[in-house]
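Note that the chains take the letters A, B, C and D in the order they are written out, and that residue 1 is the start of every chain.
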Amino acid sequence: MINYSTPEFLIERDRNRCIDCKVCVRQCANEAHSFDEEEQKVVSHDEKCVACHRCVVMCPTHALTIKRFPLEFRQNSLWTGRTIKDIYMQAETGGILSTGMGNDKPYPIYWDHMLLNASQVTNPSIDPLREPMELKTFIGRKPDRLEFKDGKLATKLSTQLELDLPVIFSAMSYGSISLNAHKSLAKASQVEGTFWNTGEGGLHRDLYEYGPNTIVQVASGRFGVNPEYLNAGAAIEIKIGQGAKPGIGGHLPGEKVDWEVSKTRMIPEGTDAISPAPHHDIYSIEDLHQLIFSLKEATNYKKPVGVKIAAVHNVAAIASGIARAGADFITLDGFRGGTGSAPLRTRDSVGIPIELALAAVDTRLRNEGIRGSVSIISASSIRNSSDVVKAIALGADAVYIGTAALISLGCHVCQKCNTGKCNWGIATQNPNLTKRLNPEIGAQRAANLLLAWKREIKEMLGGMGINALESLRGNRLMLRGIGLSDRDLKILGINAAGE
Amino acid sequence: MKKVYAKEEYCLGCRLCEVHCIVAHSDYKNDIVKAFKKQEQRPLPRVIVEENRPVSFALQCRHCEDAPCTTACITGAMQKDPVTGVVTCEESRCVGCWTCILACPFGAIARNEQGKKVASKCDLCSELGDIPACVKNCPNAAMVFEER
Amino acid sequence: MKYVIVGNSAAAIGAVEGIRKVDKDSPITLISDEPYHTYSRPLISYYLAGKVSQEKMYYRNEDFYQVNKVETILGVKAEGLDAAEKVVTLLNGQKVGYDKLLIATGGKPFVPPNLILQKSGMYSFIKLDDVKEIEKIAKSGSKTVIIGAGLIGLKAAEGLAKLGVDITVVELANRVLSAILDEEAAAFVQDNLEEHGIKFELNTTADKILGEDKVSGVVLQNGKELECDFLIVAIGVVPNTDLVKGSEVKLNRGIVVDEHMETNVPGVYAAGDVSEGYDTIYKQQRVLPILPNAYRQGENAGKNMAGAESVYAGGFAMNSIGFFDYPMITAGIIKPEGDEFESLVQSDPACKSYKKIVLRQDVIVGFIYLNKVDRAGIITGLISDQVNVSTFKQALLEDDFGYIDFPVEERKVRMLKGGRSA
Amino acid sequence: MLMREGDIRIPSGCAISGIMNKKGQVFSGGDIIKSIALMHDRSNGLGGGFAAYGIYPEYPDHYAFHMFYDDVKAKENTEYFFHLNYEMDASEKIPIRKVKGIGPGPIIWRYFVRPREEKLFELEMSEEDFVAKSVFQINGTIPGAFVVSSGKNMGAFKAVGFPEDVGEFYRLDEYKAYIWTAHGRFPTNTPGWWGGAHPFTLLDWSIVHNGEISSYGANKRYLEMFGYKLALQTDTEAITYCFDLLLRQHKVPLEVAVTALAAPFWRDIEKMTPEKREAVTAIRNIYGPLLLNGPFSIILGSRNGIMALNDRVKLRSLVAATKGDFLYVASEESAIREICAEPDTVWAPKGGEPVIGLLEGVDTL
C-alpha cells in the first residue's frame, strides 16, 4: 500500500559549511541524517524530521536549517493540509491519533487580551532595585481569621507551603520525562525556593533528598504511592484530571518502563502503566473527601493535600465542592496544558481556557466566602512572567509551569513526547537520549528561568506601585481587557482598556 | 595540576570535542569550516571518544605524574614540563617510533602519519592559553577542567 | 656529595634527572667514552637513512648539562674502579673520586669468536660512530650481509635499504625477530621486508668471513656463499661490564642490583643495559636491554643516590618498532609454553594485521600487535598493573577495544585518578 | 455627566491633620481649621472635611447619623427606613453658614437614633452590626441618600470646597471635641459630589487619608467576602473597613491590625524572635489581602483615640508632635506649628510604625 504521507519539514544543509563531522547523524534519534559511506558525505532525510532543532543547535558550523516543507495542498480553509494528513494517517493505521505537548489550535489566548497597569503621578512606582519587593507566597488552607489571647497568637495554622515566587513546576511523571529532567527541576526548586511535582509516576529514590521541595502526586494508577512516598514530599496532590486530556486516563507504554521506572512506579519492568480515566475509588465528591482525609491521616495532618482538576465547563462548582471536601489547594489545569501523550482530538477539543476557569473559580469561591480556605494553583499555558502576573491578578495564589520549564531544559516543542525519541533527553527513557540532559546544567537553566521571572515580576509589581505580591492577588483592577466581548470581560471580572 | 576529567554519564557521544580539538590544533583556530576544508593536512583529534551505547566518554592524555611516555620516548621529544606538568610531544624531534603508544596506559596518543610520522597527543591547548577546546565546547559539560 | 655517572645514554640521563629531582646542587660528573652530546642510540638507523640529522638525535636539549649542572668528561673511557678508595680511573690516567657512583655503561655487541671484527668492512650497529663509518661505505648498489635478524639487524637493514644497498640478512633462528615475535607474526614481518627487497637466510649463520684485509663475502653454515662489500654483525648485545671486572661488584649476566639499583658495594649503583633488574612477568632478575627500562632504572638509581627512598618496581620486555611504515608493538611473553597460558589470536592477512594476547590465569603477560598498533599501551598497562581481565577478555582483540570495555568501577578509578603517579 | 465616587474609582492626593487631647478635654474646632488651612495648596477645592469626637455629650448613647440627601424623596425614604428600624430621639438640619467658597449642596440632616430592640432580637445581631448593616442598606438601596457618619457622640462634616471653607460652612468653631481630624482633598477628577469628600466613617471609625493604595482591588475583594459593600470605591472607605474588620469583627489587638495593614518586610521578620516571627508570618499569611500597598498616610479616629499610620515604605509625609496632653499629627510639620508653635517633641514616624494616641484609661481604639 502506498504511503500518502509527505514530509512536514525540509532539512537544508549548506554544503559550503558542512564538514561532514557527523554530529547531526549521531544526534538525531529519528535518523533524519545519515552518513553515506559510498559518497563519504552526510545526507538528510526530510520525512523523518520533526523540527526538534537538535541538529541545528549542535551543528558546529551552522550548516543546517529546518524549514516547513513547501509542498502545498490546494488552498482550502476547511480542508487544511493538517486535516488531510490526519485522515491519511488514520486511513492507514486505523488508530487514535496521538500527540504530545498542549493544544496548539488557534483558540484565543486570553493572557494576550489582558493588559497590566502601572503607576503614574498620583501613586509612585517602586524601584525593585532600591526597595524590597516581596513575592513570598503561601499555599494551604487558611482560617477566616486569627485569634489572639493576651496579645499572643492563639490560632494554630495548618502546614503551608512557602514559596519564594508564585511559580511551581507542574506535575510531569518520571516515565513521561526522564530522571535527569526530574533532577533538574527538583534542584532548581530547591535553589529558587519553590516546589516541583512528581506527577503520577512516583519519586525516584535519588530524589528523596529534595522532599522538602516536592509535591507528590496521587493519581488514578496509584503508581509509586506508599506511605514513605506520601511522607517524603511537602504536599500531596490528588490528580483527578489533566487539562490536556480531561476525562482520559494515561498510558505509559512498556518500553518506557525500564528498571528504574519500574522500581519507582512499583510495577513490573516492561509492562504498560495504565492510569484509569477515573479513580476507581472516587465516583463522587464524598469519595474525594474520604481520599483527602485518608491521605491526611496517612501523613498525620502534616501535609497540605490538594486536588488537581481539568478546567471543564462546570469548573467553578466543582472547585467549590473540592474546597468544601477539605482540599488545602486546588489545581486548575486549562485546556492548553501539556502532556507526554494524549489523544489528539481530546487534547484539541476538550476543556476550557484557564484564564476563564481561573476567574470563574476565584469569583465563585469569593462569592461563597470560602476563597481564603483554599489556595488556587493555576496550571497551563503560562509562557512568561507577565502571564504569571496576570494569573495572580485574576486570583491565582500561584501558577504551575510545565512546558515553559521543559523549554528551559532544551525542549523545542516539537510535540513528539509520545514517541519516546526526545532528542533533548527530556521526554524519553532511552539511556542514549536521557544522558543528553545534564541535570547540573538543567537545574541551572530552570533556576535561571525562575530567577529571571522573579526579577521581571518584581519589575512589573514595582511599576504598579506594589511591593508585596499579596496586594496583587485577585486585584483585577490591575487588569484591563483588550479585544474581548462584554461576556468575556464579565467572566474575567475586569474592565475594558480605557474604562 | 588542572586536568580534564570526563563525566561519562553526560557524554552524548556527539564528538564535538573531536571537531573542536582539530580546529584548535589547525591553522584556522577560529574558523571551523576553513580548518576542515582549507587545511591540507587536517590535525588528528587528540581526544578520543570511546563509545558503546549508551556509555560514551572522552579520553585524552592524563598528563601522568610519572608519564611512562616520557620515560619511554627514545628521542626525548616527549617531555613533561616540570612547571606546568603538561606532557607534550615536540614534533620536530619525534621520529614516529611509537614507543609512547606502547607505553601509554590510556591509549591516549595517536599516530599521525599524514606527513612526517609524529605522535599526536593532547597538549591541554596550552598554546591557546585558555581552557582546553574540548572542555570549552562540550555541549553538555561532560568534561571538566579542574584541579583534583 | 659528589656524584659520578659513567655512561651518557638513557640510564645516565635518567640518573641525572633523578638526582636533580632530589638534590639540586651537588656536583655531578658524567663520563663517557663517546665524544658526543647525549644522543639516542635507537636513532642511528634513522641517521643512516637520512631521516634525522645528528642534532636531532640529541636525547636532551643542548643545554641539558648546563641546566642540570653536570660536568662532563666526554670521549674518555673509564677504565677501572677502586671501590675501596671510591675512585674511577680513566683511560687517560685521570682519577675521579665520588661519593656515589652510577655505572650506566650500557651494552656492547656480542660477537662470536669466528666473527671478531678484524677485517675492514665489518661493523657493529650500536653507536653513532658505527653508522658514521657505515655511511662512508654504504652506497646504492653496494652489497651487505647482516648477521642477525633481531631488532638491531633489521633496523640496520631498513636504514641501508633506503640507501639502495643490496641486503641479505642471516639469522640462526627459524624466523626474524625471534625474541619478540612468534612464527606467524614473523612471517608477516618477513614478507613485508622481502617486499622491500631484503633477502633472508634463516636457520643458519656465518661460518667464515672472506676477504684479506677487507671483507668480500661470507660463507654460511648451510654452505651458501654470499658476496658483500661490508658486513654488519648484529647478533646481540651483552652488558658492558668491563669497568667492574675484577672489582668486588657482583656480576651475574649483568651487574647485580637491589631494588634501589644499588650493587653489593655500597655507594655504587648500576642501571640500564649493563645491569639486571626485576622482570615482573618472569618474576626474576634479568637484563632488560630496552630504552624505557634503562631510563626508569637510571632515574630510580639517581633518586636513591641523592638520598630519597625509591623502589624500582621492575619492568618487562617491550618493544615498539617498525620497518617501512609497518609498525609492531610487542611485550612480555609472546610465545608461551605450558598449560598455564592462554593465547587470544586474531590474524587478518588482508590488512597485514596480527594480534596476539597471552594470558596467565586471566592476567595478560604478553602481546603482539602488528600493523594495528593503536592504543597498544592499554594492554601494556594491564600487564604492568596485573589486572584480572576475565570480565572483558572477549573485547581485548576488538579494533575499538578501550576503557569503555573495562568494568565501570575500574575505569572510573583509573580515569578519575587522572593518570599514573609515581 | 461625570461619574461620581462609587461609580468609578477616583484617586486623589491630600492633606491631613489631627489633634487630640488625651485627657478627653474638649476644645473648639478653630485650631483644626487653622491647621488644615495652612496646607491649602495640598487641596484643590474639590473636597474637605472633618471628624469630631465628643461633640454630642447630650446624646452619648445615640447613634448620630449625619446624612446627605440629593432630594426630598431620598430624605423621606430614609426617614421611613429609620422609622422602621430605630427609635428616633432627635432630628434636625445641621446648622451651616453661607460661605463664598462652598457652592450649592445636598440637604444636610442629622438624627440621633437607637436601634429598635425587637429588630436586634429578630436579626440576632449586635447593635453595631445592625447599625453598620443599616449604613450599607441606606447607601446601597436608597437613591440619593448617603450616610456621612453614624457613630456615637461624634460626627463627620464634609463638602466640596477647600477645607477651611468647609469648616466655616459647618460653623465648627462652635463645636467642642476632644479629637478633631481634618482632610483637604486633591482628587484627579470628581464631579464635585459632597459624599465623595473625606473623612469616611463607619460607626465610630473615621478615616482621613492621603495617598493612593495600589492594593485596593485586593483589599476590596477580600473585604467583600466579609460582607462589606464598597459603595464609594475610595481608598478611605476600604481602609475604614479594614480596621473595622480587624478591630471590631475579628477583635485582634491594634498592633496586629497595624502589622496586617503596614506589614514589616520578610527580611525584617526573619530577624524576629521565633514566637514573634510565627505570629507575624501568620498575620501576613492570613491577612495578606488586607496589606495596604502603595503610598498612604492616614489618621484613624475612634471614640478612644487616634492612630496615625504610614505605608511601610513611607511614600507619604506624616509628622507627629506632642505638647502636654495634646497629640498632633499632620501631613506637614508647619501645619502643627501653626497651632502649636513650640511642641514638646516632634518626629517623623517611620513607615509602618503607628502613632497611637489613646484617651487615658483605655487600652485600644
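Rule of thumb we're sticking to: a contact is a pair of C-beta atoms (placed from the backbone, for glycine too) under 8 Å apart; a residue touches a chain by one contact, two chains touch by 3 or more.
Since the model is a prediction, treat every value here as computed from it, not as a measurement.
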The chain whose mean C-alpha position lies nearest the overall protein Cα centroid is chain A
Cα centroid separation, chain A vs chain D, in Å, comes to 47
Chain centres from averaged Cα atoms put chain B and chain C apart, in whole Å, by 28
So, in whole Å, the Cα centroid of chain B is separated from that of chain D by 80
Between the Cα centroids of chain C and chain D the separation in whole angstrom comes to 106
Going by residue number, chain D touches two or more other chains at none
Full set of chain pairs in contact is A-B, A-D, B-C
Per the touch rule above, chain A residues touching chain B in the complex are 16-17, 19, 21-23, 26-27, 58, 60-61, 430-432, 435-436, 438, 440-441
In the complex, the residues of chain C that touch chain B are 14, 40, 42-43, 46, 51-52, 56-61, 291-292, 295-296, 299, 318-322, 325, 327, 329, 331, 373-378, 380-382, 384-385, 400, 402-405, 412, 414-422
Chain D contacts chain A in the complex at 9, 11-13, 188, 211-212, 214-222, 224-226, 249-250, 252-253, 255-256, 263, 265-267, 275, 278-279, 282-289, 291-295, 312-313, 315
The answer for chain B against chain C in the complex is residues 3, 5-6, 8, 48, 50-52, 55-57, 59, 62-69, 71-72, 74-76, 92-93, 95-107, 109-111, 113, 117, 148
Within their complex, chain A touches chain D through residues 119, 122-124, 126, 131-132, 134, 136, 138, 142-143, 145-148, 151-153, 155, 157, 160, 366, 369, 371-372, 393, 464-468, 470-478
